[in-house]
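This is the structure I want to talk about, given as structure tokens.
Just so it is clear, A, B, C and D label the chains in written order, and each chain counts residues from 1 on its own.
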Amino acid sequence: MTRLKMGMVGGGIGSFIGDVHRKAASIDGMIDLVCGAFSSSEEKSIASAEALGIPKKRAYKSFEEMILEEAKLPQEERMDFVSIVTPNHMHFPPAKMALEHGFHVICDKPMTLTLDEATTLKQVVNSSNKVFALTHNYTGYPMIKQAKAMISKGDLGTIRKVNAQYLQGWLATAVEKTGQKQAAWRVDPKRSGIGGALGDIGTHAENLIEYVTGMQISELAADLSAFGDGRTLDDDGNILLRFENGAKGTLSFSQIATGEENNLGIRVYGTKGSVEWYQENPNELTVRWLDQPKQIYTPGGNGSYPESSEYVRIPAGHPEGYLEGFATIYRSFAKELSQIKKGESPSTVRDFPTVDDGVRGMKFIYAAVESSKNNASWTKI
Amino acid sequence: MTRLKMGMVGGGIGSFIGDVHRKAASIDGMIDLVCGAFSSSEEKSIASAEALGIPKKRAYKSFEEMILEEAKLPQEERMDFVSIVTPNHMHFPPAKMALEHGFHVICDKPMTLTLDEATTLKQVVNSSNKVFALTHNYTGYPMIKQAKAMISKGDLGTIRKVNAQYLQGWLATAVEKTGQKQAAWRVDPKRSGIGGALGDIGTHAENLIEYVTGMQISELAADLSAFGDGRTLDDDGNILLRFENGAKGTLSFSQIATGEENNLGIRVYGTKGSVEWYQENPNELTVRWLDQPKQIYTPGGNGSYPESSEYVRIPAGHPEGYLEGFATIYRSFAKELSQIKKGESPSTVRDFPTVDDGVRGMKFIYAAVESSKNNASWTKI
Amino acid sequence: MTRLKMGMVGGGIGSFIGDVHRKAASIDGMIDLVCGAFSSSEEKSIASAEALGIPKKRAYKSFEEMILEEAKLPQEERMDFVSIVTPNHMHFPPAKMALEHGFHVICDKPMTLTLDEATTLKQVVNSSNKVFALTHNYTGYPMIKQAKAMISKGDLGTIRKVNAQYLQGWLATAVEKTGQKQAAWRVDPKRSGIGGALGDIGTHAENLIEYVTGMQISELAADLSAFGDGRTLDDDGNILLRFENGAKGTLSFSQIATGEENNLGIRVYGTKGSVEWYQENPNELTVRWLDQPKQIYTPGGNGSYPESSEYVRIPAGHPEGYLEGFATIYRSFAKELSQIKKGESPSTVRDFPTVDDGVRGMKFIYAAVESSKNNASWTKI
Amino acid sequence: MTRLKMGMVGGGIGSFIGDVHRKAASIDGMIDLVCGAFSSSEEKSIASAEALGIPKKRAYKSFEEMILEEAKLPQEERMDFVSIVTPNHMHFPPAKMALEHGFHVICDKPMTLTLDEATTLKQVVNSSNKVFALTHNYTGYPMIKQAKAMISKGDLGTIRKVNAQYLQGWLATAVEKTGQKQAAWRVDPKRSGIGGALGDIGTHAENLIEYVTGMQISELAADLSAFGDGRTLDDDGNILLRFENGAKGTLSFSQIATGEENNLGIRVYGTKGSVEWYQENPNELTVRWLDQPKQIYTPGGNGSYPESSEYVRIPAGHPEGYLEGFATIYRSFAKELSQIKKGESPSTVRDFPTVDDGVRGMKFIYAAVESSKNNASWTKI
């Protein structure tokens, strides 16, 4: 195995999501971080490189410089792909440029600042012949793979009802006014786009729903709120969902749900059975049946499907967490890149979120905002 | 203490809710069942009386007969109040007649078949000088009392978000076509009214929300469904909620949520803290705070408020259940009747659901049905 | 059905366990409390009767008086059985006298103050032709019945390991010195016998283990402690268990386990499967299998055996609690008494703990105390 | 930061624990795997190196070769430390040789095959001036750090009772006869030593108990069993514990606990409070108090102590798992090595299990086996 070389945009020391991406990329031993434009401040970018054990010369002062300079390096030395971990408004520019300069891209979500950017990016990806992955990391959890497999095989029958939630409380007070950087950009439309919590966590829930069920939301009725004093972007929302196949549901998300940490959860009810899962205890999947006792599935545990077990790194009962789920996105992305590098044709089924998921997420944001402006009237995605 | 004497309408042997009412009335040793019109079949009514240890002469063939005959008995012998445990369409007639003949009434929910009946009944109650209680039994759980007290004292700050659910799966298949009586009347508009699951369990959730938060739902947007083949009444619904104070929320209920038993739950988020409770494990109240660790309150356990502890019958750690919560409604009702009997003035705060809750529940049903007909448009309650 | 008439020894107003017995006896509508010697203080006994709605003439000043006076009443009026709810030292005298005067007896646990009393009582019971029941109430929980049935049918294979615990924290401080009556008699050898927590809760766990598994503990090695300052009776214990069939296990109990409420629990491991149950959330039975996912059984829920479901009063998902489990002992006892009254021969399988369980419990106490004196050496029961 | 270079003994592709060590070493980006003697088969060692992206020349055919050859490399190139992930009988030889040739060592548990080896190894470590770490990985969980900190600060008062369990079911059937390698060496005294499950998982529990409480087990009474047909080593055990300070407790472990996955758990009761933790859901620490409601602490969540939070990699609510706990051992080990490399004096408190923990674990095994041979008589550790 030849290890892949990663360049990073954003993620200077102290950032939350940059560090998550680095750790996730490391776990499976397939990827080495070799360079980065870690910060818009050159000084900070260099300091970050130093702390990460990366030679100073590969600490770039901008993503443009990184892409241009790396492209000049011999193939065995230059980065294979770019990981983009900046705030939303800085996703599209480096993604587009990297793809156009021959680099694969893995990017944090939501994919872009605007829907226009998203559709443009899709065209760029399609014409680039490069791989683009979006880190909707929650789809990497084994129990989510198990739920998806059970639904896809028809174990649960026809799906009729979906309830999803994504509840956080960290914006319950005005932390954005306290110098907290994570909060500051998330409540700022210039950096976040038209969705607040909607874009930050609502899209995760939307992606999870569609991933697990294999169904598309056809229309929605969204009641978004900005409870925080002076906030222009939503920090809470309640949404009615209708699916193409006639199923219905709800999605409730919040960043002002006091005391909640990262409570993403989903329940899916079919004619024969149902599944229930919560991210904070991700190694349990509750499955209910018409006439059998409730079951608890665990990663690699009794009854697990191969579609789930192949994503489990350690024996049943040894809990995997957020970083491992995230790492699964990186691993699947890396496997595809390795196949391409070896000249093999990659598998037709892409086992990670793609630019299509990214466009879908942006359409979801736009539909929800529009619906909410129209007093929660039904709006097609 | 003089024990109170109860007459029952409905609840023949084999009925679900009749037996629940009898057990709930028994637990605290304040009430004796003395007579009943247990069934529209005289034979069955007599057989039920016999099985219950009630003399044959007090097994009546109709509620009319029971009310008229009991009224003739000397006061120390005749029933003090009527318990109505029939399907919805048979709530109003006996309730009205009993009140008009000088008997107190305790009645199952939803209060009546129609909203008109409900408003009429309210007038009857008000002009009767008798006590009317409605068995929204879930408000009897100690941890619900605790949550209500914490919110009412302001512990959680201003309430901003409410998520409630009431999920059952017993109508996931067409059990109403298998001779199951419980199912048969619930899917029949003539006996249930215009709400199906909405009336049967949705009103419980609505009542719980308003009871716990002390806030009123001002408007709602409801998307009701009848998934079951040939059903005309809803068996599932998803509702957006808006409250008078600006709080928002969701209510999702279902009787086709495969595998769910009786999963009533509520989460309430305030500016300072939040509470979470599920009926299937009712002896835990999860409380989250802005800056303190999550707490688990238990009935009579450390930190419980008197407003909650006074409803606990046994020491902390000895779980109370559905029947005890139900019994609490009966006990509070009985206490008020005892005070009246003794000539004392009853406490001004009525500690059980009243005719006002009943009217509110019917308005909720009507608003939800209307909203759903108008494609989930916002409808005032 | 003719209702049965109960006389009570002990249980004056304010007592914990007397009230529990009364409520448990009431729930199923088969038993009426008609008389009592509620307290050794005549005044208190009369006040208790009054509060309970019992005529003053049937409030006796001693159990002796009650037994003698009731025996003189006509059969249709006099009590059918005596319920004994006094501290341990006052179990044997009224039990013996009642049986000898023709009354059935239901008695709290542990059965007697001493092992001698227990063996004597067994002889009395055997020669009396009367029914004696012991309220090891935890065996009344439906999920315990389910576990017992699964083991007895061989679902779990051969049992090899048992872990049980009964953890309370209410004696973690010296509450017996604060005037707390419940604590005072429990730490007093004259009223409790040679076991402290061992007798009070350890015997419950011992009974539960043998009831669920159908196996007898053959020998034990007990390390008992009296952590509380000045206590002479144990308030904590850890015991190794060996069973007749070669299985092994542990039993850990405590009343100084700070913060624990009433945490009785059991795990039983067989060659094919295992069960796990906790009293504080009694409506879940966790079942694990060699090669199937973990299951959660619920009372009356999918997959429940008839041996369990027949003890469920309300549909699955409507939690039953401590009082209902306790009531099941009373109900089974009452059913047997009714059969006897009608002249039917009672079922050969007695569905409640008997004098044999009581003797067994006393032998367990004596063996544990002896073992502990000998530095936890193996001691036969 | 200069990254550290790791050489591995054992852990050929397909091994369980070798892969765990590699992933754990990778997560924090401080360590690179540079060489290995991955298998006693040279061919397999080379294949493993290839799969891991390690140059063939640094795939050694034995640990002796690896140590000798690496020692010859220039300092900036050669490995800094050896990670030993072989079965128990192959811990001591490479550990001793590596230390004697100037390499630091991190080693899987139990530390050695025999107690003699353990005491010898301690001398080797002490005279080597090198760092030795033992991967009792469960002490790396943040909630274990939190529990330890709370106890050490006296929050729980004086500790009086400890209950620990480590329950697995994977040896419930004779998997060692099916060609399962993990099982084969674990039931073989030549490769495992005198303890079976006792050494494999019992020592983890012992280490966890002493780590969390800060107390030493003074004596124990162990009842070990070999339930599996033909097994000579224990596969199950129940142990009474006594601590130096007068506390008492139990430890029950098993590998024949059918259906259990990796159920390590601990409860510690003090005079003021208690803690409870289970490895399968490691991100919750339950804390009970004398007079406050039960609390649930989470990694980095409200109320977490710095002693715990510094080990948390991602915000509260983003679960960390087994690999992260394991990685914490590696990270602390790597930090100390980095300090040494930089010429700094390392912190006096070693934040990872050391050779002393290893000796202690071996003494525990020997004491338990001796006690069990003497019919569970009390034996000093």
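What we mean here is this: a residue touches a chain if its C-beta (ideal position, glycine included) is under 8 Å from a C-beta of that chain, and two chains touch if they have at least 3 such contacts.
For clarity, every value in this text was computed on a predicted model and none was experimentally measured.
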item: Set of chains whose contacts include both chain C and chain A; value: B, D
item: Label of the chain whose CA centroid is most distant from the centroid of chain B; value: D
item: Distance from the mean Cα position of chain D to that of chain B, given in whole angstrom; value: 55
item: Between chain A and chain B, centroid-to-centroid distance (C-alpha), Å; value: 43
item: Geometric centre distance via CA averages, chain D-chain A, whole Å; value: 34
item: Multi-partner residues of chain A (at least 2 other chains); value: 259-260, 287, 289-290, 294, 298, 301-302
item: Chain C residues touching chain A - in the complex, by the definition given at the top; value: 287, 289-298, 301-303
item: Chain C residues touching chain B - in the complex, by the definition given at the top; value: 1-3, 16, 19-20, 22-23, 26-30, 33, 50-53, 168, 170, 259-263, 279-283, 298, 301-302, 313-324
item: Chain A-touching residues of chain B, taken from the complex the two chains share; value: 156-157, 160-161, 163, 165, 167, 169, 172-173, 221, 223, 225, 227, 236, 238, 240-242, 248-250, 252, 254, 256-260, 267, 269-274, 287-290, 294, 375-378
